[in-house]
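Input: structures, listed below.
Each of the two complexes below includes chain A, the first together with chain B, the second together with chain C.
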Partner chain A sequence: MAQDAAVQYEPVAEIGGGAYGTVYKARDRQSGQFVALKSVRVQTDQDGLPLSTVREVALLKRLEQFDHPNVVKLMDVCATLRTDHETKVTLVFEHVDQDLKTYLDKAPSPGLPASQIQDLMQQLMCGLAFLHSNCIIHRDLKPENILVTSRGQVKLADFGLARIYSCHMALTPVVVTLWYRAPEVLLQSTYATPVDIWSTGCIFAEMFRRKPLFCGESEVDQLGKIFEVIGLPTEEDWPTDVTLSQRNFSPFSNRPITDFVPEISHQGADLLLEMLTFDPLRRISALNALDHLYFQEG
Partner chain B sequence: MTQNGFCDSRPLLDLHKKTEERRAPLRAWANTRGPKERRSLAESEESRGAHCKTTPESRWARRMPVSAEDGIIMGYAEQNGSKDGREEEALLQCLHGLPGTYSWDIFSDMLRTQSHYTFPSTELPSPFTDSTRAIMVDWLIQVHVMFNFSEETLYLTVHLLNRAMRQIKVSINNLQLLGIVCLFLAGKKEECLLPEISELCYLMDNNYSKRQLLRMERRVLCELDFELSHCPPLHFLLLTASIAHCSDKMVWMARYLLELSLLENQCVVFQPVQLARAALCLARVVLQEAHSPESETAWCIATSLHICSEPTLQRIMHILAVTASTAHARETRASFVKFSTAKTLHISSHPGLQSAPHLLGPGGAQARPQAREGALKGMRAGETGQYMRTHT
Partner chain C sequence: MIREDEFASAAATGNVEHVGMLLQDGVDVNAVNRFGRTPLQVMMMGNTAVARLLLENGANPNVSDHSTGTTPLHDAAREGFLDTVKLLIQFQADISVKDYRSRRPIDLAQENGHLNVVYFLESL
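== the complex of A and B ==
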């Protein structure tokens, strides 16, 4: 509604220097409510606002009609002209105080109880199934952009922004974490919704371990760490459209996942392996994951 | 497209004066398009045809029988006072059987969300009147034809215009700018190829600068809150027509009548599904095609979902009938010209349209449900399904 976000929202604090620019916590001057402001500058050339921005913001607005409990609420969108060639688009989201990373850090030893992990996972999967059924790939799921409210409600944030941000991202020299990247992304092969399932699998393991599962320092290192756990895929499973060869990696054979995630239940381990399947086509979908026996464990 | 390409056939807009000669023949504009066309009317018609042609077996096996998940449709029907569940059941079966995994979800979502796209009243803020709006829409239809945009884009354009006219304060001098921005934004949402802004300015006789256009674009987006989703009534029309096995002629007639509804500000209060149904019902009345018992049954199934009261349906049909009967003589005749081509089976010149309002009497309103009973007599829902299976 507002033409100028600066008028309606009063910044309170900087809450993150994410890959896509600074995120601010702000107060809505009218309602007193806290919100999260994410701004992106888009080049407005002679064709006006880019098609991708128009479409994706419209899609996010459309999602609002469903009012899904596990995705963060988009409350407002503002577009302000900065110069003749640049428009600032500000997305105003509901503000949630903590993300999954702080939530895990704060959990008293020995970590989250199994039932709570199950509940968090179920909510995560619900949100993901909802996004995927609306043709949205998150592409950058990690504990930092999974929000957890004080009542334990999971809300996915930062989805659907990848393309809006992409032009901006090329300009910002930021380090994007590789730890939750799916192998097909690391290999620069084609990818789709399964990439989010991979990331969720990594997060699932992290909820038990309280530390990340694969902490690679480069794309190749990240892949090496992955194969140490799931084993080196066969030549036939290796995607054909990539430059990196399977032979560049040491021939690890897979080890029991419980070596890495000891506390996980039998069904949990089964689901985790389904999520950490190398071949994206054989990786479980969010909808099928919700039907997995793990979620029926009492 | 070069500017010269449509130099002579540029549709002009004059919201103040009434001039007959300002309207150039539409076919000429269409010819200015090169071969790189995206979707032409003929193609979308083809794809509609393909939509009807379904693989016979799998489409029936896929979904479970009517169950709790059908709450929306059933709830919708009950809430609207429908008594006979038999035909609805057959309709549900049809929908479950439509090709593609998501037909059912999409249809129920369309029904659920369509009320977002209606307006509480027909009132327009001054200085706008129904007739300035109609002239505006008519001009947009001409520009839309010229760019060879998809039909969805046109319905979205007019929907955005309806919202923008109510929400954004613009003078009558800027209405054209507002209109073209609605078309431009609808294009950004739906199309792959967009015209350049300079082309748009040229179409408006360079009355506005590029800068003004871009400023208006931002303003419209902000005021409309970036909400560009829509549920075009055309989708309901094509869905119903495919279930009812309507003839090509009937579909073109209904599409023409539905497009005429865009010109009528009175129609903004009706739901997309209601407009689509009214267009189809009126097309049926006008064309008076002979119906076999089978086609009668298919029609009954397709129209079994109770969407509004009979008087409401009659009211919409009446509005459309009056518009259609005078369309050839009106000043706003872009749709009339558009639907007079061979491709559209010269449908807008159909003689039946002249007397359309007279065909709708109170008698006609009552005859319909009776005919429907008769057609379904002795036919159980299962057999209806059997029929649908063997005839698709």
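== the complex of A and C ==
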């Protein structure tokens, strides 16, 4: 690990502040390029950094060796000792000066051409399949965390410190912006990689609609909005480990997805429904999605 | 967060609504944040709506980074955002300006293979 981030990288603006640290847009004094700095404070003892941090960093570095085109590059990791008990770990990522939200907003009316949506989705799914095959759940996919270069290359950001999970572990229910949250997260049930597929499904629909698909104001409201579209799941499909009952919701039956996403093709609609499947175990995986006929349309 | 920091952050994250709100509140479009940078210097370069809003409200496009000499036009050219390059020039950005390593915006576009930007800058 390099010793001093402060010498090489100069912050120019704050771009995010999460639960575990702050994100800065910064300039690499040597190259003149922008980078994204993500700092985390970790407790240290006489043995140095905790093993869990060392492992996370090692995993990120290992991922980096694949040089995947659809995830942001991790350029550097720096550790600065702050006190005897605390070390600041700074992850230095390549900075991409456009996010998917901006990209969608600036597309001239009537929106992105179908071929461009297909291309973006394919890249998104490749990035996701890569993370998932390395046992990383993103957990916070939203248009702001999906970056698009001026050449139209998609790069996933903000998976950096996504907790590394041992493939079927139940995680604490926090994360993900409400609008892109999977039902199992809203219901505080156990969750895994399918949550990212749900979020990607919401984003897929948004690319056509140019506005979010489900804009709930609370967890329950969010679930209600979801069931208005996909229909109320049956009692048998309802997870057993949750407190909220299926009977709290109106008995919506599902409506054609094309009522909500009118521009989508037949195959596109089929893939979208596979992604917006209530039961996470029956929801399509990133790898299988890449084999879907939608990606062969042309 | 002080207002100047909030303003710069809104520009850097491409939050057009927030940038517009702060401008309406009368915040100085050329005020620097705690890192000594104006919103135009740190804006999300691909966000032409933010760029336009700042420039229309009098943002100075010829301010250069105090540690590298980089101007917003250098950054937009290096990143390949042609729309932003055009906007900056429309608002009188200097295309011949050099950073502390004597590189012009066109040199950075060239180095990074953004031929559309190179052709445009050459055509001026």
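Going forward, the second predicted complex is superposed on the first by the 272 of 298 C-alpha atoms of A that agree within 3 Å, B and C clash if a C-alpha of one lies under 4 Å from a C-alpha of the other, contacts with A are read in each partner's own complex, and residues count from 1 in each chain.
Everything that follows uses one rule, which is that a residue touches a chain if its C-beta (ideal position, glycine included) is under 8 Å from a C-beta of that chain, and two chains touch if they have at least 3 such contacts.
Quantities reported herein were computed from a predicted structural model and do not represent experimental measurements.
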Once the two structures are overlaid on chain A, check if chain B and chain C clash or fit side by side.
-> fit
Could you tell me if A:V242 is touching chain B, chain C, both of them or neither one (first, second, both, neither)?
-> neither
Considering only touches as defined above, state whether A:L273 meets chain B (first), chain C (second), both or neither.
-> neither
For the overlay on chain A, what angle lies at chain A between chain B and chain C, C-alpha centres, nearest 10°?
-> 110
Look at A:A114 in the shared chain and tell me whether it touches chain B only, chain C only, both, or neither; answer first, second, both or neither.
-> neither
Where does A:Q65 make contact in the superposed view: on chain B (first), on chain C (second), on both, or on neither?
-> first
Scan A:Y103 for contacts with chain B and chain C and give back first, second, both or neither.
-> second
Using the touch definition from the top, say if A:A79 reaches chain B (first), chain C (second), both or neither.
-> first
Smallest separation in Å between any Cα of chain B and any Cα of chain C in the superposed model?
-> 26
Contacting residues of chain C [partner chain A, same complex] = 1, 5, 8-9, 11-14, 16, 33, 35, 37, 41-42, 44-49, 65, 67-68, 70, 74-75, 78-83, 99, 101, 103, 108, 114
Interface residues, chain A side, partner chain B - complex = 1-3, 44, 46-49, 51, 54-55, 57-58, 60-62, 65, 76-79, 81, 87, 133
For the complex, which residues does chain A have touching chain C?
-> 10-16, 25, 27, 29, 32-34, 97-99, 101-103, 105-106, 144, 148-151
For the chain B and chain A complex, residues of the former touching the latter | 105, 113, 116, 184-185, 188-189, 194, 196-198, 210, 213-215, 217-219, 221-223, 225-229
